[in-house]
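Below are two complexes that have chain A in common, paired first with chain B and then with chain C.
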Partner chain A sequence: MLIAENLGKTYETKDWSGFLRRKCTQVEAVKDVSLEMQKGQIIGLLGINGAGKTTTIKMLSTLLQPTKGRIDVDGLDGVKDAMKVKKRINMITGGERMIYWRLTARENLWYYGQLYGIENRLLEARIQKLLSMVGLSDKQDIPVERFSKGMKQRLQIARGLINNPGYIFMDEPTLGLDAAIARELREYVKDLARNDGKAILLTTHYIQEVEELCEYVYVMDKGAVIVQGTPKELALMGIENKVLCLELNENHELLHASLTDACMSIEKDCLILWDDKNKTYTITSRQDMSGIVTRVLLEQQAPFRNFYHQEPSLEDAIIKLSRRGA
Partner chain B sequence: MMEYFLKVLRAEMRKQHKNRFFGKSIYVSLFLWPLLTFITAYYSYKPFPLDKIVRGLDYINESNLIIFVLMGYMCLIFFRCFVQSAWLFSSERTYGTLELIYMTPANRLAFIMGNAVASLFESIWLFVVFAAGIFILNASSFKINIGCAILGIILLLTLSILWGMLLNALFLFSRDSAFLFTVLEEPMEIFAGIKVPAVIFPLWAKVISAVFPLTYIAEMLRRIFIKGDGLLQIRGFVLISILTGLVMLTVTIICLRLGEEYARKTGNMALF
Partner chain C sequence: MYCRTLYATFRRNFIIQLRAYPKDFFIGNVLTAIYIAISAFFMYHLLFNGQMKDSFAAYAGTTDYVSYVIIGNCMHLLMVRTLLNVSRSLITELREGTLESLMLAPFQRVQYFLGNMLQQTVTTSGEVAVMLLVCLPFGVRFSGFNGPAALIGLILSLISYFSISLILAALMLYTRDTYISQNTLFAVLFLICGVAFPVQYLPQPLQCLARGIPVTVSLEIIRNSTLGGMGLAAQTGSYVRIAVMSAVYCAAGFALIKRVESAALEKIFG
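This part shows the complex of A and B:
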């Protein structure tokens, strides 16, 4: 298990404030972040740009030294035993950097495998397995510069798995990919956690990805975790209003007045919208209107095809929570 | 431990070779470029009475001028190839691959040594073959101490690799690698006594030439191969070469440590 406790990172920035004077400013990029990564689990680290996600990932991946707090990776200290920890972790980033374009896919994997000191026979078998897993077996001897964006990203995934890490940090792995390839990559990520038991920390700006993949989510803002929970719990946390949808079979002249009167009698400033094209009412209110709407429907005997509470959106919730702060 | 070191060294050498040598035409340019500079230097001497210009060096004359210049240029190639390769190496930082390398437990010294060794052998072999050919054609007029010649070549190889490692470490963590490139490229050729022997420099230029390890190596090899000096005569150069090598290795290790520590502390890989 990977445990981070009260992680903090303060940077010192120096700016020239005069001809010879330099002004030092302390910037607290991450404050008191605690999180856990368990084998077979995908967790999300979300937040707007500048929230502190990348700094947190860099601390977890031994690239940055925390100014406070503790990182424990399977009983190893993330700072003191950094060299041992490096063997158990890896990072997969989005974009086309971090691989050598003039080398072939196989050569890229071989190079990184050598840096991890993997025995040659084992490395060769692993390279073939990974290339086959990401569907690049038949392209393994082609220089990466001839690869499409999606192929490069698949190679990034293979590279991130070359040392068979228990913990993988994925920093926007589907950045800039089209919908079909992004879906394909999400399937790889799911498999890695479910079938191979990897612990994955995912940062992304695509909320759909979080909803589909993550079992637990940490939302960061201004360097701190402001809220955490399952995607469903988070979505509910951000919701202040309930949204009820009523889809009718046909226009019903009397229903509009009765519905408006009944809802207004419970909550004066509730919002009732009528979509003539789809013949749908959307009722937004703080209180649950389903009871009163059911009563009106029965009274008016209005035929309807659907009547449901609109699911709260995680995206809306995260934006609201980030704006609201802790 | 040593096996892992060699594994990283070999991997880095292979990667750099594949990453930079992607067409056969590059070998032609590798040969033509030093050859043209060598011919230019040789013929720029030709119109002048050599014995009157080079008063401090008794071993240069009309007949061995070609070997004098050739030896200088061969040594220069051993050292100059690193300025270019270290400059290209700094792109590891900008492309983000350095971060991934630093995420591995690979020995950092093996990593930069791999780059240096790859650059050296890729850049020198063609010109060395040419220089050896010219030397063999003129060999009858020289008496060489074979032991000293081997020692000189070993020192040339060792010092140039250490120089390459030092430059790699400096360029890797430098914010302005283009500046380092400008500072090191041309001045090394001028001040290390490649075209004009360092002994005839004014004092201020001699001080600058003392900074470059190439100065000692070039002079030592010229004395071994042209003058036929033995170990006793070149001992001063051997000693200073070993000391320079140790200083370069120490500075490289310190630079690597400081660079990584600074990066872990600030998140910034540009140390200076």
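This part shows the complex of A and C:
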């Protein structure tokens, strides 16, 4: 298990404030972040730009040293035992970095395998397995500079798995990829957690990815975790209003007045919108209006196609939670 | 098993160099060195009229100015290329976007730098050999060649260049600059370390500075072993000096890199 406790990162920036005077400013990029990663679990780390997600990932992956707090990876200290921890972790980022463009796919994996000290026989077998997994077996001897963006990203995944890490940090892995390749990558990620038992920490701006992949989500803002929970819990946390949709078969003139009166009697400032094209009422209110709407429908004997609570959107919730702050 | 990072980095660089600069880079380097040799030849014959001051023979231990300059330039080429390749290695990784993935791996820095250096040494040795062959008609002569002394001198020279490159690597990583720092250093080393003329012609303070740089001792050893005919025993003092200097520079270089690396990574990844 990977445990991060009260992680903090403060940077010192120096700016010229006079001819020969430099002013030191301390910037707290990450404050008291605590999180846990368990094998076989995909965790999301969300937040708007500048929330501190990437700094947190870089501390967890030993690239940056925390100024505060503790990282424990299977009983190893993330700072003192960094060289041992490096063998158990890896990171995959979006974009086309982290691979040598002039080397072939196979040569890239071979080089990284050597840096991790993997035994040659084992390394050769692993390279072939990974290349086959990401569908690059037949392209293994082509220099990476001739690869498409999607192929480069697939090679990145293979590189991130070369040391068979227990913990993988994915920083926007589908950034800039088209929908089909992004979906393919999401399948790899799912497989890695479900079938290979990897613990994955995912940062992304695509909420669909979080909803599809993550079992647990941490939302960061201004360097701190402001809220955490399952995607469903978070979506519910973000909503202040309930949205009820009523789809009619045809216009029903009497219904409008009764519905408005009934809803207003419960909540004066509820919002009732009529979409003539789709013949749909959308009722937005703080209180649950389903009971009263059912009663009105029965009274008026209005024929309807559908009647449901609109599912809260995780995206809306995250934006609201981030704006609301801690 | 123990030198895997070294071998892997050596092989990686070799493949990259072959794919990136198949011939032109090699030819370009040889040509630059040949121009320098030819200019020394014409300077000696047309400007100096084949005559050198008596002091030159006293300081250089030879009257053969052309060989003196060509050997000096060969070693300068080796030094420049070693320094360039080793000291720019991390900053190149940063520019190519591979520094993060490299730093994620638990590799030994010394092996990584040595791998970079050895690949460069192999390539540059080829360039130097071609350069010497081309310079033979211009009068380069190894009048007093002592093989074992030259070989030991060459190995110690490469180690000393490696040690300087570690300090330069720390400087480059900290400033994230390659051009100003490297070109300034190369110009200074060319001027004060005795590449084209003996250091004794320099003002006293610069002579003292030159004596503290291993390149000066390296040039002395190589010239004494190829032009002066001096053997291992006669140069023991110089060997010890260059070895001690390299050890000091290496220790300082690794200490600096360790310190600068974490500060630089904070700047880069933060």
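The rule is simple: the second predicted complex is superposed on the first by the 326 of 326 C-alpha atoms of A that agree within 3 Å, B and C clash if a C-alpha of one lies under 4 Å from a C-alpha of the other, contacts with A are read in each partner's own complex, and residues count from 1 in each chain.
Simple rule for what comes next: contacts are C-beta pairs under 8 Å (C-beta built on N, C-alpha and C of every residue); 3 or more make two chains touch, one makes a residue touch a chain.
Keep in mind the model is a prediction, meaning the values are calculated, not measured.
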When chain B and chain C are modelled together on chain A, clash or fit: clash
Which of chain B and chain C A:307 touches, first, second, both or neither: neither
First, second, both or neither for A:274, with chain B first and chain C second: neither
Residues on chain A lying within both footprints (that of chain B and that of chain C): 11, 55, 58, 61-65, 83-84, 86-87, 89-91, 93, 97-100, 102-103, 107, 110-112, 114-117, 143, 159, 163
In the complex with chain A, residue positions of chain B that touch it: 4, 7-8, 10-11, 14-15, 18-20, 22, 95-97, 99-106, 111, 263-267
Sites on chain A touched by chain B in the complex: 11-12, 55, 58, 61-65, 83-84, 86-87, 89-91, 93, 97-100, 102-103, 107, 110-112, 114-117, 143, 159, 163
Residues of chain C touching chain A in the complex: 4-5, 7-9, 11-12, 15-16, 19-20, 96-98, 100-107, 262, 265-266, 269-270
Chain C contact footprint on chain A (complex, rising order): 9, 11, 29, 55, 58, 61-65, 83-84, 86-87, 89-91, 93, 95-103, 107, 110-112, 114-117, 143, 159, 163
